[in-house]
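What follows is chain A paired twice: with chain B in the first complex and chain C in the second.
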Partner chain A sequence: MKPDPNDPAWAWAPFKPDAARPWDLRLAAHLYRRAAFGGTWPELQRALTEGPQATIDRLARPAPEAADFNRLYDDYENAAAASAGYGSQAWWLRRMIESPQPLQEQVTLFWHNHFGISNVHVKSNASLCRHTHVLRQHGLGVFEALLDAVLAQPAVWICLGAGANGKRSLWDSSVRILMDRYTLGPGRCSDSDVREGARALSGWIVSQGELRFVPGEYDAKSKKILGQEGDLDRKGLVRILAKHPATSQWLAQRLVRWFVSDTAKPSDSLLAPLARQLTGEGNIAKGVEMLLRSNLFFSTEAYRQKVRSPVELALGIIRPLEGRTGTVQLAADLARLGQELYEPPTIQGWAGGLAWLNPLTTLGRAKLAEALLAVSGAYGGKLDPAGVVRRHGGAAKDGGSQFLIDLYLQGDLTPETLGALEAGPSAAGAKGPGSADPRHIAARLASLPEFQLA
Partner chain B sequence: MHISRRDFFKETAGATSLLAFGSSIPAFLARSAAAMEGGQTSRETVLVVIQLSGGNDGLNTVVPYQDDAYHRSRPTLRISPDQALKLDSGLGLHPAMPAFRQLYQEGRLGIIQGVGYPRSSRDHDAAMEDWHTGVLRERVPPGARTGWLGRAIDTACDPGKTDLRGVFVGEIKAPFGLQTERVVVPSIKSLEEWLPAGTGWSDSTLPHESGTPTSAGGASLLAAVRNATANARLIQPRLAAANEALQTPKSAAYPPFPLAQNLAMVAQLIRADLGIRIYFVEMGGGGIGGFDTHANQAANHGALLRELAESTSAFVGDLGHDRLLESVLMMTFSEFGRTLTESGRRGTNHGAAAPMFMIGGRVKGGLWGAHPSLTDLEQDAPKFHTDFRRVYATVLERWFNLKSEKILSPGFSPLDGVLA
Partner chain C sequence: MATWIPADSPIMVEVSEPMALLGPLLKPEFGKSVTTALGNGNPKLQQFGTVVAALELQLGTDWRTGLSRLAGKGLSFCVDSSGATLLAADGEDEKLLSKLNDIIWQFASSGADQQDHPETTASHDYRGVKMWTIGTNEVHALLGPRLLLGNRASFLNKVLDQRADAGGKTLASSALFNAAREAVGKEAVASIFLNLQTLRETPGLKKALAEDGNPLAALLLADTKAALRNASWLALGVYVNGDKLVLRTYTDGAAPAATKWTSFSTPPGTGAGLLPPLTVPGTIASLSLCRDLHAFYAAKDALFPERTSGLIFFENMMGIFFSGMDLTEGVLSEVRPEVRVVVAKQQYDPDVGTPATQMPAFAAVLRLKDPQRFGETVEEAWQKAIGLANFTRGQQALPGLIIDKANQDGVKYTISYYRPPTDKSSGTIDARYNFRPSLARPGDYVILSSTDALARDLIEAVKQAPSTPAKTSPAANSLMEVEGPALSAILEANREQMVRKNMIDKGDSREKAESDIQVLLAALGHLDHATLTLRREAGRPQAELEIRFQ
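Take a look at the complex of A and B:
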């Protein structure tokens, strides 16, 4: 089969390395960046030995210890969410760093972005915390169960306007968000579907932070939504929306945007096979797995075709260094760079791509790399690139420079950049020891334009 | 090449605007280049919004000192005719604001009177949200809301580019008025937070602008990120210089108020010419203090107004030195005014209409609109005659040359005679 990223048959066939696209450090690191926020040296080496499909098996299947790990972190997060501040977000960041199943955290973040529920409106860390737990619990399961569980919580209703709305049903504009953004995709439903959908959701109110059903407010008369008729209530509406073919097509598009590329505009026919994985017997895990295994995912259409979000940037610095670092400070720093967990800008989620970058946030990203890797300061020098270099046998005399390039950027630097890195920092502006300090080398690498791409 | 200061935003991008310079050169560089070639350049227009959190008492800010109803209703809080700093039409400023009277006399300060909106809320959060979104509550679900300035910034930033158009300067969380859908609007507490110290970042030997991308697939995205990095490297020395200037005693021309310190930073950033068009600063929010003067108002309110007037005046003087005032417009707002009647606790309660100050080199100084009647009240507060969204429309249309109906709802016409 000829490589053609627009041909669904080729695009979705499982990737098999060949001479043109060998399974090398670049592709292994690509997989780890997208599916696990970055890989450690041992993880990348193991991936090279085992090959892409076996590595994806490991990334996509639940780790045996994941359930215990997540229970523990749920408790930490819940406890921290009882107070104001970045406590529970910090626990989530730490969970992303340490999870035995990082793909689950990447998918949880995907859903957080998809629903775009913001604490600016909900005004309760505990409520946002519960919302993300639902996203985690169902995020790799069946979409209908996920949507049902999300709509069983107050956070989404507050963001859609039920909180301010007393006993009346949701506004039409709120139901349009449910249909246009959360399920069917833009422009797939009529005004009448929206009105009838609002009737199906009548009776639900948020009172004192809890979602309640008031039977007297429920409009029990028959409704007709997207061609289906009957006494449709919330569950009924969820079922219709979740099972509608447009929904799986829309989710497929969102998943491709998240996992493959900021810039691709996949056609409906390209998306169709992925969409089919998400419906019927399939579920989200199967879809994500198919995506990660695909030729498309390992093609030039995907490679370095995403701007790292602040979260991905920070974790891309931290995870490969096998480190742990203060995540309360990190949550605040990520907020300054435009990605405050629990506070996506609108129900559309973060715009992503080049929208992350302006001259100030670009400086701020370099500043964050510097702070994370500094020997002291806000992050206390907890990351230890020298130790990583030592453990994995990087040559000591270049300060581990070549090793760190392989770990952080693989073969993706131009000869000019490599030459400049080798020459070391110019006298002006460089503080402290020169190029032999692995902390400085790592910080330098992490502020390169190439590193900003996932 | 002459660049008009008004036509910068994408909405009106024409032959003389950003697009004419090609895709990769930020405007501030293009302008610097034009300046070096000996061309005339003028600054882009800049808006500085000053939020007065808590509900500023308009009646003791712009005082109707000839009005009997005023004196009758405020036995202890009233400002007597001999205390008021006389303006025109029987109105005077609070005695703590000689700095504002000076600006008024110089024709740089305009006062738009009686600003509010229909069925205005007297709840802090709800009213502030109305002022921030510029769209009244019932129309948009919370999760879909954005700020009016955020929408202006989103409109002004081309999705393919990485420009910086708006920032918040201050200690508290950025107000919702700056909430965008797409673009990141940074909050600046200190410039150090944004300035890498070294570690090779500022190393000029690293190639950044061109260079052959190694991966064919990632070429265009990488080029855009390199461009953003190049721009960041170019602004870094300017930010560092601004930061340095803020540490030197010269900035002691500013009084030691938090608002003054924030405005001193804004002045430095304007001077650094980074392409930022919208600055937002705030006083009174985030804890104690503020304009919510329910009890023992007199001393507290006077201190706040002194801070406002002296800080702003220092800012005006600072910009004036560099002839930057012509391109800068300041606008104050608060979520509501206060009641006419003094409460038993020598304070005032949440009200409705209040005045807004407009300050700058191209403001038409003086009073705009009538002072609201004190005998025809709405639940003890002055009624509005000018919707705040008309003031916003004035700024969007006449200062930024943006189409306001795309940012506010249609039907809010700009005010004539506010800007010169």
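Take a look at the complex of A and C:
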């Protein structure tokens, strides 16, 4: 079959390496960047040995220790959420760094962005913490269950401005967001569907931080939503929306933008096979797996076609170095770079793509890389590139430069950039790969334009 | 040693009696508790123990005796103007020092050879003295029983030049250093000299001494910062007094007399002054201040000229609570200068439960000039504050406080509390249950407490405490006492929270975080009592910290 990213048959067929697209370090690292926030050297080497499909099996399959790990971290996050500050966000970042199932955290972050629930409105770390737990618990399951669980969260109702939804004060705008952003996609429902949807949600109010149902406020009369009629309540509305074909199409599009490319504008026909996996008997995990296994995912249309979000940037520095750092400071630094966990800027989540980059954030990203890799300072020099170089035999060749280039960029450097690096110290005073200090080398590499792309 | 150190060196530490200073740390029980804290199976500790045991065997002495013979006659440490450092250790056993040097040198040389980098160890003569270097940041020399250890050869060379060519400008001939030494006195077992003329230009200290507009810092530190801005030197003397360790600061800097800085923190000599700190069962810390709040706030435009949003919010709130009264002339003028703060461990009601994070209770105790006239105004303001807090929490759909009245030994006081949780299945309860804000007005005192239990204890305490200043320390304006066992107990109760905080703050593993916290708690376990006093001596601020170990 001739490679054609617009041909659904080719695009969704499982990727099989060949001479034109060999399974090499570049593609292994591409998979780990998108599915696991970055891979360590042993992970990448193991992936090279096992091949792409077996590696995806491992990434997508729940690790045996994941359940215990998540229970422990739920407890850490819950306890920290009782206080103000970045405590619970810091635990989430640490969970992303240490999770035995990083794909689950990547998907949780995807849903956090998708629903766009912000603590600016909710004003409760505990509520946001519970919300992310729901996203994690159902994020790879059946979408109907996820939507139902999300709509049982007081944080969602508060953020949608629907704190008290009695039958005499229906909040159409909240239901519009539910339909346009969370499920069907823009322009797929009528004003009448929205009004009727609001009636289906009547009776639910948030009181004392809890979502409660007041039967007297519920509008029990028949409703007609998206062509279906009956005494539709919240569960009925969720069922109709989750099973609607437009929902799976919209979710497929969102997932492709998240995992494949910031700039992709896939046609409906291209999305159709993925959409089918996401609804009906399928579930989100199968859809994500299908996406990761596909030719499309490993195509040139996907490779380095995403700007790393601040979270992906930081974790892309930390995870390959097999270390961990203080994440309270990291949460604050990421907020300054435009990605404050628990606080997406709008209900539409973060704009993503090129919106991550401006002169200020570009400088901030370089400063973050420098701080993470500095021998002392805010992050206490916890990352140890020299140790990683030593452990994996990278020092023998050239003091570790080439090893770190392989680990961080897999050779994706233009000759000009490589030349500039080898020329020595930059204008800013940072040393190039030619210098002996792996910390400087790693910081310099992580500041390069090439590293900003996932 | 000062005769060898260049005069422009800004930092000099001298320990004249190392063994007296290190005595508590060298006791076997201290070593045992730290070893236990680190964990007997700790690989780094085991490695360290192996090295020490090997050295003891080769040197033919136990480490405590060895340390005494190698450094028992004095330790000096100095930093020069470029940041280079030098440590001098004076012992009594030249042979032992030489033997130790041979062992270390052989070990370093063979290690460098094995790593194929023999050039990292070297030795050479300078001014007739043999110098050894190990790696890039270590250089040392032996002069009889004296060890000189530095991080840069250039600084050690300078010191050896001074030794060979006596007559240059050294610290020993520096007027500033000698003034500091004289102030510290000969009874000090250790001293630290800081040349502020030089150090004040470093960005960190410059920022620390700047008028930063923080009202709380201005209130607590009073004229200290202003004095240090005028000072040429600052010295710290360390004294051993029985089972107590005393640290006392000296400086030649003085705040300009009778200025905005001194007007609110000088005991006015009208019967007011520093009252003894209050103690209650479970006291962790107790602070007593003499601060004329009226004078302080009247000088606010000079003391903290910046109108921060926090300050504006504070003034707006006080305007609401006190029904538009002028904060300076109408409110603070009614308060006497004796201000006391108490922090104490709290007991939780078993019927309510214990929060996961156990915060200590805290209270401020003020005195009113005319309680008959102003007491109810304070009560009214406090009830408005609770009402506003309830209103704000209600807006956020959070539970509010219930206000009630109670009686303690004839004193009626106001308490507020949250309804007990209905669901205790998780085992711990919300952090808000650390608070039961209360107000009591026994006599001319006003007690603002975070819990009713502490308010009750303080009602009893103020009855028994003297209401006139102690005559023993007339120049003191601040006194803080810390009780080691109570501090250890509250930290122990929050051990898990501290471990978790360490994990996300520092990025440590759980094992490392647990070990760090254990060491901290073990070290704190040796603290019995500490007292910090701020006073003004001959117009100059002085701080004194007295520590008693268990």
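Everything that follows uses one rule, which is that the second predicted complex is superposed on the first by the 437 of 454 C-alpha atoms of A that agree within 3 Å, B and C clash if a C-alpha of one lies under 4 Å from a C-alpha of the other, contacts with A are read in each partner's own complex, and residues count from 1 in each chain.
Just so it is clear, contacts are C-beta pairs under 8 Å (C-beta built on N, C-alpha and C of every residue); 3 or more make two chains touch, one makes a residue touch a chain.
Note that the coordinates shown come from a computational prediction; the quantities given were computed from them, not determined experimentally.
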| item | value |
| --- | --- |
| Chain A as common anchor, with chain B and chain C clashing or fitting | clash |
| Residues of chain A touched, compared between chain B and chain C (which is higher) | B |
| Which superposed partner A:50 touches (first chain B, second chain C, both, neither) | neither |
| First (chain B), second (chain C), both or neither touched by A:180 | neither |
| Which of chain B and chain C A:219 touches, first, second, both or neither | neither |
| Which of chain B and chain C A:384 touches, first, second, both or neither | neither |
| Which of chain B and chain C A:303 touches, first, second, both or neither | first |
| Chain B versus chain C as contact partner of A:7, first or second or both or neither | neither |
| First, second, both or neither for A:80, with chain B first and chain C second | second |
| Partner chain in contact with A:324 - chain B first, chain C second, else both or neither | second |
| Which of chain B and chain C A:116 touches, first, second, both or neither | first |
| Common ground on chain A, meaning residues reached by chain C in one complex and by chain B in the other | 163 |
| Parts of chain B lying in touch with chain A, wherever the complex brings them together | 26, 137, 139-146, 159-164, 167, 176, 179-184, 186-188, 193-208, 211-218, 220-222, 224-226, 228-229, 231-232, 234-236, 239, 274-275 |
| Residues of chain C touching chain A in the complex | 356-357, 396-399, 430-431, 497, 500, 503-507, 509 |
| Residues of chain A touching chain B in the complex | 116-118, 120-121, 158-161, 163-164, 171, 173-174, 177, 262-263, 299-307, 336-338, 345-348, 351, 354-364, 366-367, 370, 373, 411-414, 416-417, 420-421, 423, 425-426, 428-432, 439-440, 443-444, 447-450, 452-453 |
| Residues on chain A engaged by chain C in the complex (per definition of touch) | 76, 79-80, 82-83, 87, 90-91, 94, 123-124, 163, 206-209, 323-329, 379-380, 382 |
